[in-house]
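The same chain A turns up in both complexes below, where it pairs with chain B and then with chain C.
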Partner chain A sequence: MASGAGEWSAEQIDDYETLISTTDVELLKRAWRNEKASPEILPFEEALVKRAKEQIQLMEETVDDFAESGHDPLIASLYQMDLDRAQFLLRSYLRVRLQKIEKFMFHIWKMDTYRNRLSIEEEKFTERCIRDIGKYLEETVLSKLPDNYQSVLKQSIISEEDDMVPEPQLDTFVVAKCERATRPLYLDGSRQSASFDSSRDDHFQMVPGDLCILRYRPFQEELMSGNISLV
Partner chain B sequence: MAGQSDPHISLFSAEEVEFMAEDELIEIVPNMRMDPLNFICGDFGPFLPQIASQVPLWLAVALKKRGKCAIRPPQWMSVENLTRVLEGERESQGAFQVLPFHYVEISRLLFDHAREDIPDMYMVRSLIEDIRDVRIHKVETSLEKFSGTSAVKIPNLSAMEVNIIRPFVGRALQAFYKHDNPEKIPDVDRASSAQTRAANNEPRRQLRR
Partner chain C sequence: MHGRKAYELVKEFADGEKGHLKIFNNELFERVIEECNEHHNALQSLIRKMQEEGLEVQTARNADHYGALIHHLSLIRNKRCLMAYVYNRAEIIRELAWKVGLLHELPGEIQEKFSDSEEQYFKDHSKSLKSYMSQLSLDVNVDMVPPKDPYIKVRVLEDLGSGIILSDKSANFARHSMHFLKRTDAEQYVARGLMEELTG
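For the complex of A and B:
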């Protein structure tokens, strides 16, 4: 889009205004809530995590300075509290992701969509996890089973798919809050914006502030685009 | 894999819900002078005696604990407003009155840490308790009318109420969905009978741990 500033749509200005008025803590909190509530692993918020880390580090230095300079202990303790809250969010966010990886590691590893959602560190973690769990199961159980039943991924060699790999259940229900108006959506997952068929009564639309219980799968896209957030 | 997502991963604890509520802004009246605070979560202050200032609830409580400020209870926490809300809740069976998303947690924190700042504290507390009870009861009766669907709007429900009904409603709706669309849920466990699964909840998961 090479349009000048004068041609901004109302929506873009809206976006911009929420962007500058929203702190990284607020964004991190949203990312944390989404990650905690969604059944699958979401794209890693790389830029946000990097910024949060930098701010936390800066704040740690400030708090240390306060301690050394014998600053007002009240102010020092307040800054410490702010720091603790930001650290909690960041740690909890990263930890929830690790839990999901531990649970779905084989599935994440074989699906490119999921694998691309990991950070470099998380990718290393997944790889090591798979190696260690594979080795452990091999040594303790699988090597003692009959030949046909020794795969980590399959029940037996006649299984056509990897039927021993846990997958996230995308048809779970989540509670979501609408951030930006969504387009009408058919709940079977098909999205039709061009020829919207109002005779069908199974479409669903949300306006900002709406609170809903939703089946996760049809609303995946809305979550990724930030139109809804999970609570 | 069929079955529920792990509740330990997807549920918020009461403490976590409270943590989220502590970021809501509230008005305080400081009794001391303090420079602006440039926090990671935003800039607040400067603080001057007797000049009201907006701060997050956690900061308000921290200052209050040290006797550095008085907290101004939010408008919705007045006896008049709460009486009106309670009447509204009792009159309409279906709809919920408008209250802040975190009204339970905010009022709890204020009752615990700023009781002397709330006029008619006992009245306010019993009103909020009544409102909570009426609403929870309404949630429970409206759940009886739930049917299989993919999306339900739950206007004006609060964070704590959502958190209470989430495990049950989530599972119920999922069960409805599953029975309506047996072909859509790839159930690897279907071969093994429902009985085995009930007796030995998700047997394969156990092996993997």
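For the complex of A and C:
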């Protein structure tokens, strides 16, 4: 796949990456990028969002102090710009999540794995979304159709599964960057964590710095464990 | 013709400009609903006929069975088309709720394209968004584009008067006047088409 890490040793890069990636801004940036690039909703970064909000508040106070004390306006404006960027990042992160919820609300609601990834506020929002659109579809279409065809989730009463629910496209392509060495990955997404099957040669391993363009599904677990991030 | 009307309905939406609404096509919509009911009646009468002939509806494979199946599938197709029409419109409505619904009434020329329940949905969804933001005490509908400069230059397109007080100053926002404003303040007016951003 991608070539090695170039002139730097993997260790050096590791050190550098850990140093850089420990600030909250970097973490938030990574969470935001992952969320933006992944087709499904990811676990809510509760602690991180809380910290980011606190820091933004602190910054706001600093900027206000500067404005009041008539300090150097250039410095104040630099602080303001930094603040704006942090705020954009936070808002955009939350916004991307809400937009995913709007798109896949029924799917998210019925799958426990997805539902557990929401924050309390997002859960309430999803509930309201479903209620609103349910009411709206009911009024416009469903109540006017014959009895057996009125479900919002199923095409008709004889459908065994919910076949009218939009689902995220997990086989879409993503660009992934390796943060920590991954387990052997298979292109078809099959997992081989317990017994490594050496007879198969269609697997590969990513090392830090690698950049790959591949389907999302095989990366799912690696993304959750933080071994890779999306760009 | 089976499904022709429903196809026209979806086609009409698909032909429209992306992100723009046309007037809700009630006439065609009602025609499709009617067609659904016709299919349903035909389906029912075929099933009745089979029952009268003493056939097991689930297992019999005669002409009537396949006739009924065609009606069933046409009905489902019509349902999917109707839902697609309504649902895709709902997506545009949600987008509008993000852009303008949280602070203001919709401009009249958009509002008249809504059906009554669409208008209600717009209001409901705006409320849901609002309640999410108030729980979080954070507005997520500003800062839609990554910030480059905290201040932007804008031209006022419609007379706004001097009633508006922005976070750091108040000014007379007469039509065609130009201002240097905080981006977060100006964004909502730009979104509503009351101001335009001057670049370069």
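Here, the second predicted complex is superposed on the first by the 208 of 231 C-alpha atoms of A that agree within 3 Å, B and C clash if a C-alpha of one lies under 4 Å from a C-alpha of the other, contacts with A are read in each partner's own complex, and residues count from 1 in each chain.
We adopt the following convention: a residue touches a chain if its C-beta (ideal position, glycine included) is under 8 Å from a C-beta of that chain, and two chains touch if they have at least 3 such contacts.
Since the model is a prediction, treat every value here as computed from it, not as a measurement.
Student: Which of the two partners, first being chain B and second being chain C, lies in contact with A:M81: first, second, both, or neither?
Tutor: After superposition on chain A, A:M81 lies in contact with both partners, chain B and chain C.
Student: Between chain B (first) and chain C (second), which does A:Q55 come into contact with in this model arrangement: first, second, both, or neither?
Tutor: After superposing on A, A:Q55 lies in contact with chain B but is clear of chain C.
Student: Tell me the contact category for A:R95 with respect to chain B and chain C: first, second, both or neither.
Tutor: A:R95: touches chain C, not chain B.
Student: Between chain B and chain C, point out the one touching more chain A residues.
Tutor: B
Student: Let me test your reading of the model: by the given contact rule, A:V141 touches which partner, first (chain B), second (chain C), both or neither?
Tutor: In the superposition, A:V141 touches chain B and chain C alike.
Student: Could you look at A:F125 and tell me whether it touches chain B, chain C, both or neither (first, second, both, neither)?
Tutor: second
Student: Report for A:M111: first if it touches chain B alone, second if chain C alone, otherwise both or neither.
Tutor: Neither partner.
Student: What is the contact status of A:S156 with respect to chain B (first) and chain C (second): first, second, both, or neither?
Tutor: In the superposition, A:S156 contacts chain C only.
Student: Under the contact definition given at the top, report the residues of chain A touching chain B in one complex and chain C in the other.
Tutor: The overlap between the chain B and chain C interfaces on chain A comprises residues 77, 81, 85, 88, 133, 137, 141, 164.
Student: Could you pull out which chain A residues touch chain B in their complex?
Tutor: 23-26, 29, 33, 36-39, 52, 55-56, 59, 74-75, 77-79, 81-83, 85-86, 88, 96, 99-100, 103, 133, 137, 141, 163-169, 171-175, 187, 204, 206, 210-215, 218-219, 231
Student: Mind listing the chain C positions that touch chain A in their complex?
Tutor: 33, 36-37, 40, 72, 75-76, 79-80, 82-83, 86-87, 90, 94, 115, 117-118, 120-121, 124-125, 127-129, 131-132, 135-136, 138-143, 146-147, 149-150, 183-184
Student: Which chain A residues qualify as touching chain C in the complex?
Tutor: Per the stated touch rule, the residues are 53, 77, 80-81, 84-85, 87-88, 90-92, 94-95, 98, 102, 121-122, 124-125, 128-129, 132-133, 135-137, 139-141, 144-146, 149, 155-156, 164.
Student: Please output the residues of chain B touching chain A within their complex, sorted ascending.
Tutor: 1-6, 8-10, 12, 19-20, 22-23, 34-35, 37, 39-42, 58-59, 62-63, 66, 68, 149-157, 159, 162, 166, 169-170, 173-174, 177-178, 184-185, 188, 204-205, 207-208
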